[in-house]
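Next, two complexes with chain A in common: one pairs it with chain B, the other with chain C.
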Partner chain A sequence: MTASLFLEMVINGLISGSIYALVGSGIALVYGTTRVLNFAHGELLMIAGYLVLFFAVTLGWNVILASVVTLALVGGIGAAIQRVTIAPLLAREDWAFRVIAATIGLSILLQSGAQIVWGEQFRTLPYFFDGVVSLGGLRMPVQRLSILVIALALMGLCALVLYRTGLGRIVRATAQDAEAALAVGIPAGLVHTSVFAISAVLAGAGAILLSPILTVNPWMGVSFLLKGFAVVILGGLGSFGGAVAAGFLLGLIEAASVTVLPTEWRDVVAFTFLIAVIWVRPNGLFAGREA
Partner chain B sequence: MIEVLGRRPALTLSVCVALFLLISVLPVNDYVLHILTLSLIFAMFASGWNLTLGILGLKTLGHHAFFAIGAYLSAIVAFYGGVSPWLTIWAGAALAALAGLLIGLPILRIRSMPHVAIVTLAFAEIVRLIFSNLKDITRGELGFWGIPPFDPVSFGETTIRFGLGNAWGSYVLAGAFFFAVQAGLLLLLRSRPGMTFAAIRDSEAAAESLGINLSTWKLAAFALSAGIVGLSGAIYAHYVMILTPTSVAGPEMLITLLAIIIVGGAGRFFGPLYGALLLTGSLELLREFGEYRMLLYGALVIGFVFAAPHGIAGLRIGRLRRRDRRGTRERSSAA
Partner chain C sequence: MATHSEGRAMALRMLALMLVAGTAGAAQAQDVRIGMIGPMTGPAANTGTAHREGMELAVKEWNEGAGDYVTDQPPQVELVVEDSNSKPEVAIGAAQRLMTRNEVDMIVGDTLHSHVTLALMEMAPQYGVPILSAEPVSSAIADKVLSDPERYALYYKGNYNSDGYGKAVHGFYRWAFENDVVPEGNKSIAFVVEDTDYGIANAEKIGELFEADGWTVAATETTPTGTTDFYPQLSKLRGLDPDILVSVFTLANSGLSFVRQLDEQALEASHMAIFYPTRPEFMEQAPDIADGMFWAALQFSPEITPEHREFSDRIEAEFGAVANYSHAHAYCTMVVALRAVDAAGGTDADAIANEIGGTDYDCLVGKYAFGEDHTVRSGPDAIPLPVAQVQGDTSQIVWPENVATAEPQ
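Here is the complex of A and B:
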């Protein structure tokens, strides 16, 4: 393998890994704080994809304005999902499985709803950024590189808020013990809802970054949900940093597998890796501090 | 156990068998028989899955993988090897049970439910991708067609034929398999293994302290459950005679079966049968609104999780209990 091919493999792995990290860290944040596994997380991606398409293409808004409005709306939708379908179930017995079942139902509902509203046509956004970067014989469109840069910046911002601000301390306190947090005056219910909103914004950002290079369709969330779950488990369930690291690792593994095997085996390699890791290390690769 | 089986489960099962036999002698049209056949096959799938999901309390989400393994292996051996489906279905069920053991091993080490759910789901995705990628054998998403139906059986003058287009024979066959499996499960659940499963579901630590070997029991339950699901997959393959990886192991299969179990009643012995009859039946009525089908399933799952978490089977028990309580109150006030 030549140096430029190797470099291309690494960069491609980091780019898809950054999306997995965005989706996975959102799931990890929610699980770490509320112990809830949201199977409708992928549909937040899909909704964000359609929203940004609507604002940027149908209404012809500026891309940045369209993205900001999309993220705000998706955050609101995430919060609404938590308030309406998840929070009421938490008080009941066997809630963990009920939440899984209800969110699987919600996920299918949103998918077929999107299919009825927008039809089955697959649509793509125009590139946000023009130009190509040349790196020692390797040509990479700025659009693809921007995914990596923006995703890293967003996750960095999240980590900064989580570990260096008072707001982050409130979230982490609720994660450790919601009842004790309530006792010292933290509105735990509100924290749970806002964590959902943050994770929805992370997923929405992933969708916006992807929409110019992938197609927006009712099922676009499904594969990212599974990858996001894999990342969360690999990183140690509920660990924000672990999920980010595992996201990049999974991206790199997939990129490496494509150089050896045909593309259609890529996901088989990724999920087999997941099961192998669980077999050896049930707590994940980077079991560490919780979100 | 009464919560799982309901009152007089053997009587309920006998009534179901009687109804089934009654329908088989009535002049019912082929289309209705086709729907009932599919319901019975899915009810068998659901009762296999219910064993781990509801009765043992292991929240696995990847049982459509075992359905696909049973269906494809039986179809491949029958199609390429020319072996009779009467034999190949057992190979399909055995391989599914083996796969159940294989995926059961890593799961044993995990007590956290999210891990179990995600690992089994990932396993199902691997299985779907493998069948879809082995295009030389399965033709991938183009569909594996030409799967032979069960060989006809002759009793003296009459010959019973099976497969799509032979509605009566297929209905009787699906029913025979379904009720045989149900009778076996009922015997199992009413004896020691049933008690053990209930003990494990209620408290793993307490069960272990009573000398129950959790690993052995869980693995056995997993293999049995996967085997039943694999058998239902194999019967399905030789009934519809065409398979695609997405139709047997895709997300639609997951949501359909999840809806059947939740609407029927997770952890209830008769839940899968009620759920399969209701959902497969109502689905056919709504055939014209095809695109709303999954919308309806999603809404049903959410609705039942909120309003009736123990499904239809749970509703009946709730009513019986209330009547009982009223009965005792009346008796005590009279005395």
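Here is the complex of A and C:
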């Protein structure tokens, strides 16, 4: 393998990994704060894909404006899901299974709703950025490189908010002990809603970045949800930083697997690695390294 | 009293006559019920819709006296459509409903997927209902029939085997090498195909024919149906530097993404695309990204074939849709089924199956005749598989030479 192909493999892995990290970190954030596994998280990604398609293509808006409005709307939808579906169930003692069943049902509802509203066609956004970077033997479209750069920036911003701001401290305090946080005047319910909104925005960002190179369709969230859960388990349940690191790790493992073996082995290799990690470190690779 | 009894008897006779007349009327209006199973929802719903429209047009024309009949008293036909959602388990449920609830006399399905058909064909011996699949190609289906002809006596496959594509791709490239259309290079071929019986069987058959000529299969990359990110595969193939690259997808979006990314990666291999260029949504964007690409098989071309243009106009008039290959193939498959039912002279399953097996009928996409594997034959004297090339805004047939509409560029 030449150096340029190796570099290309690494970049491909980091690009896939950045999306896994965006999706996984959203799931981890919600789980870490509320102990809720949101099985409708992939559908937030799907809704964001359709929204940005509507604003940027159907209405012909500027891509940045379309993206900002999409993120605001999908954040609102995430918050609404928490208030309407999750919060009433969390008030019950036996909420754990009920929340799983409710979010699975919501996932099916949103997929079917998308089929009815937008149809079953696969749609693609035009590239946001034109051009191909060609260095020696390496060739990479600017659009793909932009995914990595923007995803890193978004996750950096999210980490900054989480670890360096008052809001972040409130979120982490609620994650540690919601009742104690409530006792010192932190509105835990509002924090839970905010976390769902932030998580939805992360999924939405993934959808906006992916839509030009993948396709927008009612089922686009399903495969990312599976990978998102894998990332959360790999990184350590509820660990934001762990999910980010695990996302990149999973992307790199998949890229290396495709380079060395036929593509059909990609998921076998990725999930074998996951099983091996769970066996050796049942709480994930980065569990216990965060507050 | 006598008058009252006579009146009652008359009323009963009239009631009986009305019932008989009603039954006779119903029999005349609907002699035969045919079920159709195809992907009406899910990722392949566009193709499923085209199948439904093609078959509905065939049945409509048949019922309105515009069919190509075998007998003087063709039956009236009702078409009942069920969804497979591209999933074998859903198709099995649909077939059970059609056979038990709707009491269909025959099923046409699956209309698209080989993996669905492999499950669905098992229903024919179980329920004693003839099944004719439409577009599925995988040779695994025909192999199954040959392994137990008695069991699958009621099943027929309305499309050629995977080796049909294999022979077309291999035959084209042999001709292209001899005529310096494509350089032979280091005799290395690679495949990127969807992870279905259709994709894998095509790669295997084409690979076998090239290997027999001393070629090497550099890689066979199978990706899940619906994949649209091929960068990891294309990066790998750029390192392997194959001379020919064959891609097989049933979804236009996979094909569009693949061709666009192939262009970005600047691979030098001669690219042969299978199936997805038949989809109109691919061809809409093809001029921008696929100029010069070879593909198989151009079996429906309203731009260059008057008969296809005329059929396309009928589809547009009936459904307001632009006709594509799937419309034409579904239409022909249904006509084959209708003629078999007509020739059988009733709804006896064995008689219908025998008539399907004895089909010898020219339709839009070629001549329908079945081999001993219950599969439609391919080739110049049966269903031809011409290789086309995207040239500007249209696709032109470039091989075989006797039907070519343009020189390869």
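Here, the second predicted complex is superposed on the first by the 288 of 291 C-alpha atoms of A that agree within 3 Å, B and C clash if a C-alpha of one lies under 4 Å from a C-alpha of the other, contacts with A are read in each partner's own complex, and residues count from 1 in each chain.
Following the convention adopted for this analysis, a residue touches a chain if its C-beta (ideal position, glycine included) is under 8 Å from a C-beta of that chain, and two chains touch if they have at least 3 such contacts.
Everything numeric here is computed off the predicted structure, so don't read it as measured data.
J.: Could you say whether A:Q115 touches chain B, chain C, both of them, or neither, answering first, second, both or neither?
T.: both
J.: Contacts for A:A102 in the overlay, against chain B (first) and chain C (second): which applies, first, second, both or neither?
T.: First partner only.
J.: Return first, second, both or neither, reflecting whether A:V258 touches chain B, chain C, both chains, or no partner chain.
T.: In the superposition, A:V258 touches chain C alone.
J.: A:R139 in the overlay: touching chain B, chain C, both, or neither? Say first, second, both or neither.
T.: Touch partner of A:R139: chain C, not chain B.
J.: What is the contact status of A:R92 with respect to chain B (first) and chain C (second): first, second, both, or neither?
T.: first
J.: Of the partners chain B and chain C, which touch A:T2 in the superposed model: first, second, both, neither?
T.: In the superposed model, A:T2 contacts chain C only, not chain B.
J.: Is A:T215 contacted by the first partner chain B, the second partner chain C, both or neither?
T.: Touch partner of A:T215: chain C, not chain B.
J.: On the superposed three-chain arrangement, identify whether chain B or chain C touches more chain A residues.
T.: Larger number of chain A residues touched: B.
J.: Please indicate which partner A:I233 is in contact with in the superposed arrangement: first for chain B, second for chain C, both, or neither.
T.: A:I233 sits against chain B, while chain C stays out of touch.
J.: Tell me which partner A:N12 touches in the superposition: chain B (first), chain C (second), both or neither.
T.: second
J.: Overlap of the chain B and chain C footprints on chain A, residue-wise?
T.: 115, 262, 264
J.: Mind pulling up the chain A residues that touch chain B in the complex?
T.: Residues of chain A touching chain B: 31, 37, 85, 88-89, 92, 94, 96-98, 100-102, 104-113, 115-116, 222, 226, 229-230, 232-233, 237, 262, 264-265, 267-268, 271-272, 274-275, 278-279, 282.
J.: Which residues of chain A touch chain C once you look at their complex with the stated criterion?
T.: 1-2, 5, 8-9, 12, 15-16, 115, 120-122, 124, 132, 137, 139, 141, 144, 213-215, 217, 219, 223, 254-255, 258-259, 262-264
J.: So in the complex, the part of chain C that touches chain A is made up of which residues?
T.: Result: residues 41-43, 45-46, 195, 219-224, 226, 228-229, 231-233, 235-236, 238-239, 251-253, 256-257, 264-266, 281 of chain C touch chain A.
J.: Can you check the complex and tell me which residues of chain B touch chain A?
T.: 59, 61, 103, 105-106, 109-110, 112-115, 117-119, 121-123, 125-126, 129-130, 132-133, 251, 254-255, 258-259, 262, 291-295, 297-302, 305-306, 309
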